[in-house]
Amino acid sequence: MDREKVRKVLRDLKAGRLNVGKAMEKMRGLPFEDLGFAKIDTHRSLRKGFPEVVYCPGKTDDQIVRIVEKLAATSNVVIATRATAKTYRAVRGALDGKPVSYDPTAKMITVGMPPKKSQGLVLIVTAGTSDLPVAEEAARTAEAMGARVERLTDVGVAGVHRILEHRQKLEHARAIVVVAGMEGALPSVVSGLVDRPVIAVPTSVGYGASFDGLPALLAMLNACSPGVAVVNIDNGFGAGYLAARINAA
Amino acid sequence: MDREKVRKVLRDLKAGRLNVGKAMEKMRGLPFEDLGFAKIDTHRSLRKGFPEVVYCPGKTDDQIVRIVEKLAATSNVVIATRATAKTYRAVRGALDGKPVSYDPTAKMITVGMPPKKSQGLVLIVTAGTSDLPVAEEAARTAEAMGARVERLTDVGVAGVHRILEHRQKLEHARAIVVVAGMEGALPSVVSGLVDRPVIAVPTSVGYGASFDGLPALLAMLNACSPGVAVVNIDNGFGAGYLAARINAA
Amino acid sequence: MDREKVRKVLRDLKAGRLNVGKAMEKMRGLPFEDLGFAKIDTHRSLRKGFPEVVYCPGKTDDQIVRIVEKLAATSNVVIATRATAKTYRAVRGALDGKPVSYDPTAKMITVGMPPKKSQGLVLIVTAGTSDLPVAEEAARTAEAMGARVERLTDVGVAGVHRILEHRQKLEHARAIVVVAGMEGALPSVVSGLVDRPVIAVPTSVGYGASFDGLPALLAMLNACSPGVAVVNIDNGFGAGYLAARINAA
Amino acid sequence: MDREKVRKVLRDLKAGRLNVGKAMEKMRGLPFEDLGFAKIDTHRSLRKGFPEVVYCPGKTDDQIVRIVEKLAATSNVVIATRATAKTYRAVRGALDGKPVSYDPTAKMITVGMPPKKSQGLVLIVTAGTSDLPVAEEAARTAEAMGARVERLTDVGVAGVHRILEHRQKLEHARAIVVVAGMEGALPSVVSGLVDRPVIAVPTSVGYGASFDGLPALLAMLNACSPGVAVVNIDNGFGAGYLAARINAA
Amino acid sequence: MDREKVRKVLRDLKAGRLNVGKAMEKMRGLPFEDLGFAKIDTHRSLRKGFPEVVYCPGKTDDQIVRIVEKLAATSNVVIATRATAKTYRAVRGALDGKPVSYDPTAKMITVGMPPKKSQGLVLIVTAGTSDLPVAEEAARTAEAMGARVERLTDVGVAGVHRILEHRQKLEHARAIVVVAGMEGALPSVVSGLVDRPVIAVPTSVGYGASFDGLPALLAMLNACSPGVAVVNIDNGFGAGYLAARINAA
Amino acid sequence: MDREKVRKVLRDLKAGRLNVGKAMEKMRGLPFEDLGFAKIDTHRSLRKGFPEVVYCPGKTDDQIVRIVEKLAATSNVVIATRATAKTYRAVRGALDGKPVSYDPTAKMITVGMPPKKSQGLVLIVTAGTSDLPVAEEAARTAEAMGARVERLTDVGVAGVHRILEHRQKLEHARAIVVVAGMEGALPSVVSGLVDRPVIAVPTSVGYGASFDGLPALLAMLNACSPGVAVVNIDNGFGAGYLAARINAA
Amino acid sequence: MDREKVRKVLRDLKAGRLNVGKAMEKMRGLPFEDLGFAKIDTHRSLRKGFPEVVYCPGKTDDQIVRIVEKLAATSNVVIATRATAKTYRAVRGALDGKPVSYDPTAKMITVGMPPKKSQGLVLIVTAGTSDLPVAEEAARTAEAMGARVERLTDVGVAGVHRILEHRQKLEHARAIVVVAGMEGALPSVVSGLVDRPVIAVPTSVGYGASFDGLPALLAMLNACSPGVAVVNIDNGFGAGYLAARINAA
Amino acid sequence: MDREKVRKVLRDLKAGRLNVGKAMEKMRGLPFEDLGFAKIDTHRSLRKGFPEVVYCPGKTDDQIVRIVEKLAATSNVVIATRATAKTYRAVRGALDGKPVSYDPTAKMITVGMPPKKSQGLVLIVTAGTSDLPVAEEAARTAEAMGARVERLTDVGVAGVHRILEHRQKLEHARAIVVVAGMEGALPSVVSGLVDRPVIAVPTSVGYGASFDGLPALLAMLNACSPGVAVVNIDNGFGAGYLAARINAA
């Protein structure tokens, strides 16, 4: 598209519909990225099926509705994270023509239809039930980006046989997201079992010297099994996003 | 193999060569992994082309030589990280039949022949020249695991046009490792430019309130562009390993 | 004024209206700063156009009204930061003769007329929309101190082309305030583009391992481009104040 | 003994060998612990087989020799921790009549004969080979206090089947010491497998964001399996001491 | 039971009721833990008198009621920690046939009948009255696991004679839990008085530079008397659990 | 220049010397910075009088010599920071035609002739004598960039009259760099006295809970007088650089 | 008294009213502190004029009333810190015979009559108006303990002349309490001016990287003027208590 | 003196030897401290018996010798802290006329004769033998300032009866310095026993999670007994200085 804009200027100049000064002016008048950032533009239109994600905290329902409307006008699917049910109702009310759904665990609003499922599998593994909201945010994000997603829940290291039972499922994934709070040991165990890329998500589950997820974060960064990388505490969205990227790569 | 052991017990029982008590005993007597961990075993033999990596600090040259010899007996390629030139000479002296090389920047010893290069590309992007040892550790590790690797060095954000010039190369990679110290901003910029998985490696380059890499680590965990995951400070090996996993997935 | 007080004592002594003992007593009785801190006094009267700023949190509306009244009696412009709309209405009600305005984003009350705009330009650059309240606090503070201010918003490093489009504006500023949360990378990029003094303001925008702004703070202190100095997290006021000082220097 | 001193005063008073004033004076003159701390004294004499432990860093060989000599005069066994081989030679040279041994891994000197082995078993479980010095300090300390000790080494969570193979041994211990660095996940796994008391020892093994053992320490404090308590980083001595106490209880 | 399942397959094979292929299939079809984790299973059934503990924060009353019902169906005693009085009423209403009690200090619900009291004694020592909720959580947990429990309260080091008066009680315990906030010095003093295992529980009692219990946590980890191990801040449950384990060992 | 290149393509197209496809290709073929980064280029040549600074730690003398030679070929002045005397001798030996000097306090090498002194004054204020190396690094950097520099040393807050005596000098500066370790209070006092921009440099001078400069860093970020911004601990170079930028603005 | 108890046993023994065994028993039977802690007892009765202080947070009004009643029965003055006005009304209602007062700034309840004023002076110096609650807690505590107290408020280092005006008052104090938040620089300045003991109280006043008072705490611990010691953040009570101790010493 | 200068100007004006303008000029021309800082001057001459203390680290022997010579010329006693034996020999060689002594434990050089001993007693209490260097620095500093000093060593809380034996000595002190590392509990115990001012000195003695003295520092700041204030880690000098100030007050 952007290249087309450039091409049109050039053609108009060639055809005498523009003189050099006028063409020059148009070239300058074009948004910077039209020339210099064609790649980025391409990249952005490639991403059109998955535009900027709306992070809801700190925005009013009204602001969120307007942003979602704008994004939904040009995108097949839009997601808004950490949304309340009240915000969901506001969005649903405003976008009546489009399918709008809400997952109360993930606290995520999805507008529109995700792309067709990928071949590869993204597996979301969760240590404890308290980690589920973060895990669901990861799962719903990956799904919105077109990934086929399966879940494996409550398989933390306090009963290590639980994850061992599911070795085969681990091996079938193209990317594994492992969500764990407290001591954050599950990614080390999972990565020790299979050769799949593991994205570790520390959660703020815990109390006392858990300092809102620091032990899990540090443990995952210091995982003794190679093949693990870490996203921010409670960042289910980021993990699901990266898993879908790996899955689609 | 392991399944065969089980099958044999069952056959012997069926054939009357064992009674139930004896069979029961044999079942119990089998090493745990013989039944339960066949997958893990398979997994381990799958990994044979890339066995355990030798982390040299805290080991004597003699210990390292013996470990490398043992691993090299069953593996096509063995790597030893954070090795001195002196350790390299000791290893080279002991393994005369095999190709042994040493990269003084990465401080890595490679024994044997890496597998044939993969189709996909792993790109190692480095912010500053001081980050090169960590970057080379990542590059050499990925190469030893069979990845095709390219490098992009000294493209830090103090001169942001440098990375912009190489957008195309970024887009051709299946996995991008971004190595940066100080404020650790490069992964955010890279991940904002392309939709490739980005593995961020904070380095301990810096002084004063750099606390051995903490700012870069925190910055990367808080990257505003999604699609970034982080490994431990200075952990080039871990990043290269994960990039090769993603590339091979 | 203070010097006049000293001069009067000296004249009265000279004229015989005081004897030495009495003059000595008066000299001692003068507030300390009258003699010793003439400089400071001068400085304070120079600052009269911009007196002490009222930091509202922890003060009652009644207290704030009284402080603002007192300051407004001797100053052309008074600002109160982190004020609620309710406080604003209380202040506006009490100061009917004077122009009183309120900016709900900056949460700042301005009483009176700022001095004539300076020649130089203070540019306020913001990474994301969540950083706007801090940025507006900086902008309104600099304006109240007489600076000509322009804003550049939502130009964070996740889409680095956005800041690149505005290089000229960056070059025209005498001081640049860069406001960013999360990984706090924007000041490095800005300072790498132009040779203007950059004042970096980390914000507490983020979650998880963002520890209320620590990553941005540390990143800015460790910026790889020289020419950056940092103020406290969320301290838009301090940044705007310093930018206006530099601009007026 | 102490009680005997009191009893003697009382008898002398009764027998007229002391008057009340003199007896009162003697009562007061007795060292405080003679009356009030008989328990402590008993406790100290009970501990005579295991007196104060000599922590070597910061002491000269000469000082260590003199302290060990003094302790060895009244105790069957004396241990000195974190000792160099040079210190060992100095101690051995000075105490020729007594058996003196040195363990170079634990860096511990043992003088004299430990008490007869206890019935119960103390099991020392180690995640990686780099954790061995700390583990051996624990093992040697528990042995010096009379515990029967077994070791289980290199069973970290990167290959979780290794610890699973040894479930029976875990179940036979009266106290289990688990030594691990990096992400410190092993105590959670062990404590999830058996109902034995687990004493977790974080080690400073690691690099980057391992901050001398902080991740392992925090992970162990936040272990999701109950039944785990933690000692200081690298404090093998403290763990072995407590395990021997539990074993003897 | 699990072994019986295996034995049955073997017998059926022997008896011709299964052929080898079918037996093989059944062996594989058995849940993993049936073979591989018989020990764990045994352990779990041994633990049936004390199943998983319900940690209430973050769960709805309805969820808690359902979990407790399920656990109570197969266990003699069930505990739920950090429960509100409202949750207690919900649980009590749902489990009418069973004894249900609530301790408002410990905020713990106990369902069913704890096992017969053990011979050994668990002693819960508390520094100040503000530490009582954590101490009671420890006490109630140990009691629910069958331990005989005594309490010693308000014996902090600001009046060190208070703990000295109770030396005999300290000596009679098989395990001592010491609960303290602020400077967390009491475990050092207790462990210096007697040779019993000491489990230290730091509490978040304090203000200012108490950082939610960090000083007490660090102090306890650095206790100068050996024989102390530490659980997480405010983790009365974990301390009581471990004390009961030691007591029963 | 860059615009001329674009204009030329457009003219050639207009004149029929290029067709649209060819013009399109040329547009794309132009190096990115040719269009988009002309500003940056200009900026870089503007900066030619003060090129990249050589940070010596971690580089060999040989590397430093080659970098300095390369920079000195195109720049009037080159500086190398944190250089040893040995490095200085190596540089001086290699650059015989050029003036090379070394300041052992600042540990800075200066090659070539700084630009003519600016009108404005940069004042370097130092709390204690131990802060002098950092202060001199700031002073020498600002001088190399053409600033007129004065120094005010040993005027820390333990004797607050010392800084008060020099109020006039403070008022004459266009930018003030304040260097202080320990409690880092001096910038607050200086900024309270005058309305000049204050750049605060925390130093790692101190011991105990000084954590390599953290108290001074935090104190300066929390300065109660507005008008202060902070650079990294011990970053004299960065402070001098920014001061010279402000002075030249 | 306690000594009398001992003397009586000895006399009864001497007089034949007790035999040695019985006397021995009585000696043992005496409460521990009767012999060993006579000093402590004396100390406690000396402290009767100033008994345990009631720290109100976490206690119900009813509990506070009962504790205050009990303490007031045997003490001339009782104080309760961090009390609400509601608690004050409850206490006043219950203790009708006694004078009960409440200071809403200090949030302190005082019951009864403080002892006669001491000769020496305790001076409470405050940096900013936000520090007043902590300062008043210090002042009221010292007054309740009998100290003559003066206050010096709003003399922070942003206008250093303010404290200089009051040098004489500083010199007349026997102990100086300095209360400051933000950068916590005032104690250094005060201690540099006079040779009086300075007790520094960091407050949690501030925002951003003020981390609830950490900068002030660290700054005060690192004060460059000797003669300063520090209490916990916001611990006005502790500072006033210590100042009164020094004043009375 | 300073007042005399003012008085002279006034008299000269009165007598016609100066006119008002000239007098005004002289008033302004007087060095600032002549008027405003007479107090400080007096204070400095009062302090002449104890001038600035030389902190040796980071200074050459030559620099130290020159500073000590200069101070010794006008002071009766000079101390230099953290000095090596080599520095001592250099100082002793240069100051032959004066008594020079060196304490190798405290690492302190004392030049000249301390003032006559005070009536009051400063007591230095030490937890363990490793804390002795810091304790001796405190003791020697207080002695150099004229305090009568006694020492109580190795009375840490691992054997709490040791401090209890010395209650009387504690009660006789006017100020008590308590030096302790590891968990830093001793100041709480001491302050709970007597009503003397307690200055707590945390030491960096310890390992693992002792972070160079942080646990002791935090414990002392959170001491549950009021009457404790804290100096920096290992700051024996500061504690001795403050104790001497209190003793002399």
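We call the chains A, B, C, D, E, F, G and H, going by the order they appear; numbering starts again at 1 in every chain.
Everything that follows uses one rule, which is that contacts are C-beta pairs under 8 Å (C-beta built on N, C-alpha and C of every residue); 3 or more make two chains touch, one makes a residue touch a chain.
Please read these numbers as outputs of a predicted model, since none were measured by experiment.
Student: As a multiple of 5 degrees, what angle does the CA superposition of subunit D onto its copy subunit H give?
Tutor: C-alpha superposition angle, subunit D on subunit H: 90 degrees.
Student: Looking only at C-beta pairs that count as contacts, which pair of chains has more of them, A-C or A-F?
Tutor: Between A-C and A-F, the larger count of C-beta pairs in contact belongs to A-F.
Student: Select the chain at the greatest separation from subunit C, using centres from the mean of Cα atoms.
Tutor: D
Student: Using C-alpha centres only, name the chain that sits farthest from subunit E.
Tutor: Looking at centroid distances, F is the chain farthest away.
Student: Give, as an integer number of Å, the spacing between the C-alpha centres of subunit H and subunit C.
Tutor: Once rounded, the distance between the two centres reads 40 Å.
Student: Where the CA atoms of subunit D average out and where those of subunit E average out, how many Å apart are those spots?
Tutor: It comes to 25 Å between the two C-alpha centres.
Student: Centre to centre, by mean C-alpha position, how many angstrom separate subunit C and subunit E?
Tutor: Taking the average C-alpha coordinate of subunit C and of subunit E, the gap between them is 56 Å.
Student: Using the touch definition from the top, which residues of subunit C touch two or more other chains?
Tutor: In subunit C, the residues touching two or more other chains are 32, 36-37, 40, 159, 161, 164, 193, 208-210, 214, 217, 221-222, 232-233.
Student: Name the touching chain pairs, please: which are they?
Tutor: Chain-chain contacts present: A-B, A-C, A-D, A-E, A-F, B-C, B-D, B-E, B-F, C-F, C-G, C-H, D-E, D-G, D-H, E-G, E-H, F-G, F-H, G-H.
Student: Provide the residue numbers of subunit C that touch subunit F in the complex, in ascending order.
Tutor: 36, 39-40, 43, 46-47, 53, 120, 164, 167-168, 171, 174-175, 193-197, 199-200, 217, 221-222, 226-233, 237-239, 241-242, 245-246, 249
Student: In the complex of these two chains, what residues of subunit H are touching subunit F?
Tutor: Its residues touching subunit F are 31-33, 36-37, 40, 57-58, 202, 204, 212-214, 217, 232-235.
Student: Can you name the residues of subunit H that touch subunit C in the complex?
Tutor: 3, 6-7, 10-11, 13-14, 19-20, 23-24, 27-28, 32, 35-36
Student: Can you check the complex and tell me which residues of subunit G touch subunit F?
Tutor: Interface residues on the subunit G side: 127-128, 156-160, 164, 182-185, 188-189, 191-193, 206, 208-211, 214-216, 218-225.
Student: Which of the residues in subunit D come into contact with subunit B in the complex?
Tutor: 130, 159, 161, 164-165, 207-210
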